[in-house]
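Each of the next two complexes has subunit A plus one other chain: subunit B in the first, subunit C in the second.
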Partner chain A sequence: MNLRSIKNEITLMLIALSAVFILLAIFSLISAPLIFGLRVIIEAGLPFFTTTPAGPGEESPGGIYYTLIGSVLMISLSVAIAFPIGFFSGVYINEYSQTKLATLAESASHFLSEVPSIILGIFIYAIYVLATKKTSLVAGALSLSLAILPYTVVQVRESLRVIPFTYREAAYSLGLPRWKTVFFVLVPMNMRGILVGLLSAFLRAFSETAPVLFTAGAAFYGFYGLDGPSSTLPLLVWNFARTPYENWQKLAWGASFILALVSISLSLIIRKATKEVRF
Partner chain B sequence: MENPAVRIQNLNVYYGNEQVLFNINLSVPRNSVYAILGPSGCGKSTLLRTINRLIELRPEARVEGKVEIMGIDVYRELPREQVARLAGMVFQMPNPLPHLSIYDNVALGPRLHGVAKGRKLDEIVREALEQAGLWEEVKNKLKKPATSLSGGQQQRLCIARALALRPPVLLMDEPTANLDPVNASKIEELIRKLSRETTIIIVTHDPEQAKRVANRGAIIFKGKIVKENFIDTLFTVPYHELIQKLTMEERIIVEALQEKR
Partner chain C sequence: MNRDMLRIMLSIPGVLLLSIDILLILVLFKESIPVLTYEGLRIFTEFQWNAAEDPAKEVYGIIPPLVGSLYVAILAIMFAAFFSISLTVFIQEIIPYRARLAIEELINVAASFPTVLYGFWGLTLIVPLVRQLAVKLGYVNVTGASIVTAGLVLSTMIAPYSTAIIKSVYASVPLSYIEAIASLGATKIERAIIVLRMISPAIVSSLLLGFGRAVGETTAVTLVIGNAYRLPLDPFLPASTVTSLIANNFGMATYYKYEYSALMFAALVLLIISSFFSYVGLRLANVSVKIVRGEQL
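Coming up: the complex of A and B.
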């Protein structure tokens, strides 16, 4: 065996090792919340979903009832705000790509996606929370919607861009005005792409933590309306995992399980749906 | 020519700074088939798309000159959307809208222009499908997606879709280029039949096809009409020899220009 083939073997081994390392890291990252969390949920049973967190140091972890409600409402509200805006911006950027406004909107959306999401939280804190003098579900939803907006824009634009030019010509040759071509032909043609965009928006809003840290409040024991403080699953994990009480740490593990499970399944669905788009 | 179906006068077309059509003048007689021939990239598809203003889909395109369909100046006297009622179009790739049924594909034009509804629309769809020679094959599955049809059927569906608005002119951009010979000959037969009531302008790179279907034609080379006549006299010099000769001349001119520099 000469020097060159030894070098070759060593390099190959290093590459394989780093691949194995990544696989192990991802595997342990996912398996920890799945295994620990699942055990907590099985032990706690149904009350995990229907009660509030137990007192510190008690036997049982209690439950995540109000956090679930807060999550669902806040995420839906943020998607309801961001998706229409993102949809129309995506359509505009794709259809009028030559115009200055479209170029500007595209760069702005790109820039928004690069901004660390904690800054989005601070921004809403400064303009909304300080003005209303309290953290609230709406404030949380607003900061989440800023975080998911750029993803919606890109997704909608892409799902229009991949439609072959010939269908646009077909619609145009029948005398469809441009806006009818977009909304009656192109959008329905790739409804799947648009829906994937909607789903990714939900996934993004579901897993974002930083933007809601200062804006959503931390109400785990009750529901205080849209303009009152609320909480999301990542917030619950953040709040309870760093306490010294074992039952609260368990509560955080259980919530992590749900976070991991939902994000993994949503992203699998998205991956599968995106792969199948074909014309 | 008296009352031609399409009259093109002093037409110049540019993509950005590049000129792609040079001073085109031609007249297409009514109820006939007119062939536009030429090698790839010579501008024949662009010419076709200039007639029904489809070229406006490309923002960098600029059109100078005049195009009349049935005596109406399509660039000055009509909004773009209405041109579809004067000229239907069939494309090289069969492109029925994949999310719509067979029926809805044909009904799309009449619906959008508010031509008909209900029973009357059914009638228009049926008539268009009959004209395209597709009715017998699809009459029992009108609600099926258009993509369930074979390639040849899809192309005839596209012809029906274009005919549903009853345009006096039908533009066809290499309509048989993606079909097998059997389906291609069906389309050619259809073209001859349709030309009794409709004026058809067909772009093709196949001189044999032009001879089979057309009454008259033009040969385009590098954006200029090099020959225009009745189809029998169009090919006094065989087409391929002509193109070869033109290509050769072009090369000599280009080389001469380069040497000058």
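Coming up: the complex of A and C.
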């Protein structure tokens, strides 16, 4: 054992220690909602999914019925708004990457992805909520769609970019026009990549809180239509986790369980699907 | 003819993207005007945030929360740098291949985990821990919600993300270099240090991108920072960031004459800062790609 190898061993040990430390932190972060949340849901049983939040300080946590409905509707609506725009922008940026407008659009998409998501929320507040004079499911969906739009653009663009040029040449040599080449040859070739983009859009819309803070309203006790206030699961966690009431904290843990479960499964699926793409 | 049609049709969503950005910036500017004409440069010198029913008594200063944002973000990327570099070396040099795959899955899940859950976890686990630490350090009456708590929670949020970037660059250093280093008889740690130096632009760039995220993060920070409007100097005391200020005050802001506008201005300043860091980070990322390809060596 010379000095160098001793130094080597000690440094490696310190590195391993700090790596294990952060891994434990991440592990506890991911398992906390699963463990605490599952306990709450088992205790509360089926009513957790079919009732509204209980009053503060009551015995039972109540349920997340309207928040589930609001989440599903708002997320679907936001993906329905953002995905088509993102898809066609992605195609455009990939197809015409040499043109000035496409480069600008790409930077615009990139800029949008770097905007803090709370600013997207207050932007929609300024242009939509103030104009309609109320928070609504549609306003929430709009701000969520801004949050997911740039990710869809990148994902679609990348899915098309990785397809080798020879396939495009083959399509051209058969006399296909460019639009047919893109939509009937290239897009179907990497359908998986594009579906991954769709899935990531859902995942992102599902887990964002800040954009909907001031746009979606906080309606946990009823459903008021598309132009009425609504809520999402992260919003429910945000609202009830901050309260001092034990049953409301439990409610937040229960909702966290569903958030965590969906987020974990979607990101595992997305990663697996991305790995398998080969040309 | 067809091709031109395609180009024209497809440029519509592209133009839409551009207009969203322009509209976003214009709206932030326009909504900031009332408070700027009312307070002028005082918005940078006042150290209070006072929404009053009487408009003449309204005072808004954005420096304390702005300092809070930067403070938290700098702490967060310092912790994150430490954690993600050790994690990279740990994954690449120390553990066997199978364990590596499991850890990569864990990091991947954490990278897209909902931020509100980071906040809730921080509130339940990190806040009490920091409180114990603060009490040991001689603080009395602290809740544990503080700058350093927010920094820790944020670093846990950034670390998976920056580890993923640093690790992929680390793994892509050409084998011939690794062989050259090994042939000189370097120990594992000496090799790691050489490789880390080689990819240092990638490390800096991932941290700058992380900085942009940290400055803009809202929910997790607001849950653990304690939300006290003050110029943050002591890391163990509660403070606020621009995002937590917005999260806490925006809901009622339109009841006052200028608060809404003041928050919009704070958001604009935040956007400028975070875009700047992300831009520099991205430029550096391009440099690091070149380095790995061996173009600059």
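Criterion: the second predicted complex is superposed on the first by the 277 of 279 C-alpha atoms of A that agree within 3 Å, B and C clash if a C-alpha of one lies under 4 Å from a C-alpha of the other, contacts with A are read in each partner's own complex, and residues count from 1 in each chain.
One rule holds for everything that comes next: a contact is a pair of C-beta atoms (placed from the backbone, for glycine too) under 8 Å apart; a residue touches a chain by one contact, two chains touch by 3 or more.
Keep in mind it's a predicted model, so treat the numbers as computed, not measured.
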| item | value |
| --- | --- |
| Partner chain in contact with A:P177 - subunit B first, subunit C second, else both or neither | both |
| Partner chain in contact with A:A260 - subunit B first, subunit C second, else both or neither | second |
| Touched partner set for A:E169, first subunit B, second subunit C, both or neither | first |
| Comparing the two partners subunit B and subunit C, which touches a greater set of residues in subunit A | C |
| First (subunit B), second (subunit C), both or neither touched by A:A241 | second |
| Subunit B versus subunit C as contact partner of A:L149, first or second or both or neither | second |
| Subunit A residues contacted in one complex by subunit B, in the other by subunit C | 177 |
| Interface residues, subunit A side, partner subunit C - complex | 4-5, 7-8, 11-12, 14-16, 18-23, 25-30, 32-33, 84-86, 88-89, 91-93, 95-96, 99, 101-102, 104-105, 108-112, 114-120, 122-123, 125-127, 130, 146, 149, 153, 177-179, 182, 203-204, 206-210, 213-214, 234, 237-238, 241-242, 252-253, 256, 259-260, 263-264, 266-268, 271 |
| For the subunit C and subunit A complex, residues of the former touching the latter | 2-3, 5-7, 9-18, 20-21, 23-24, 27-28, 31, 82-83, 86-87, 89-91, 93-94, 103, 105-121, 123-125, 156, 159-160, 187-190, 212, 215-219, 223, 243, 246-247, 250-251, 254, 263-264, 267, 270-271, 274-275, 278, 282 |
| Residues on subunit B engaged by subunit A in the complex (per definition of touch) | 52, 54, 57, 59, 80-85, 88-89, 91, 93, 95-99, 108-109, 112-113, 158, 161-162, 165 |
| In the complex, subunit A residues that touch subunit B | 98, 164-177, 180, 184-185, 188-189, 191, 279 |
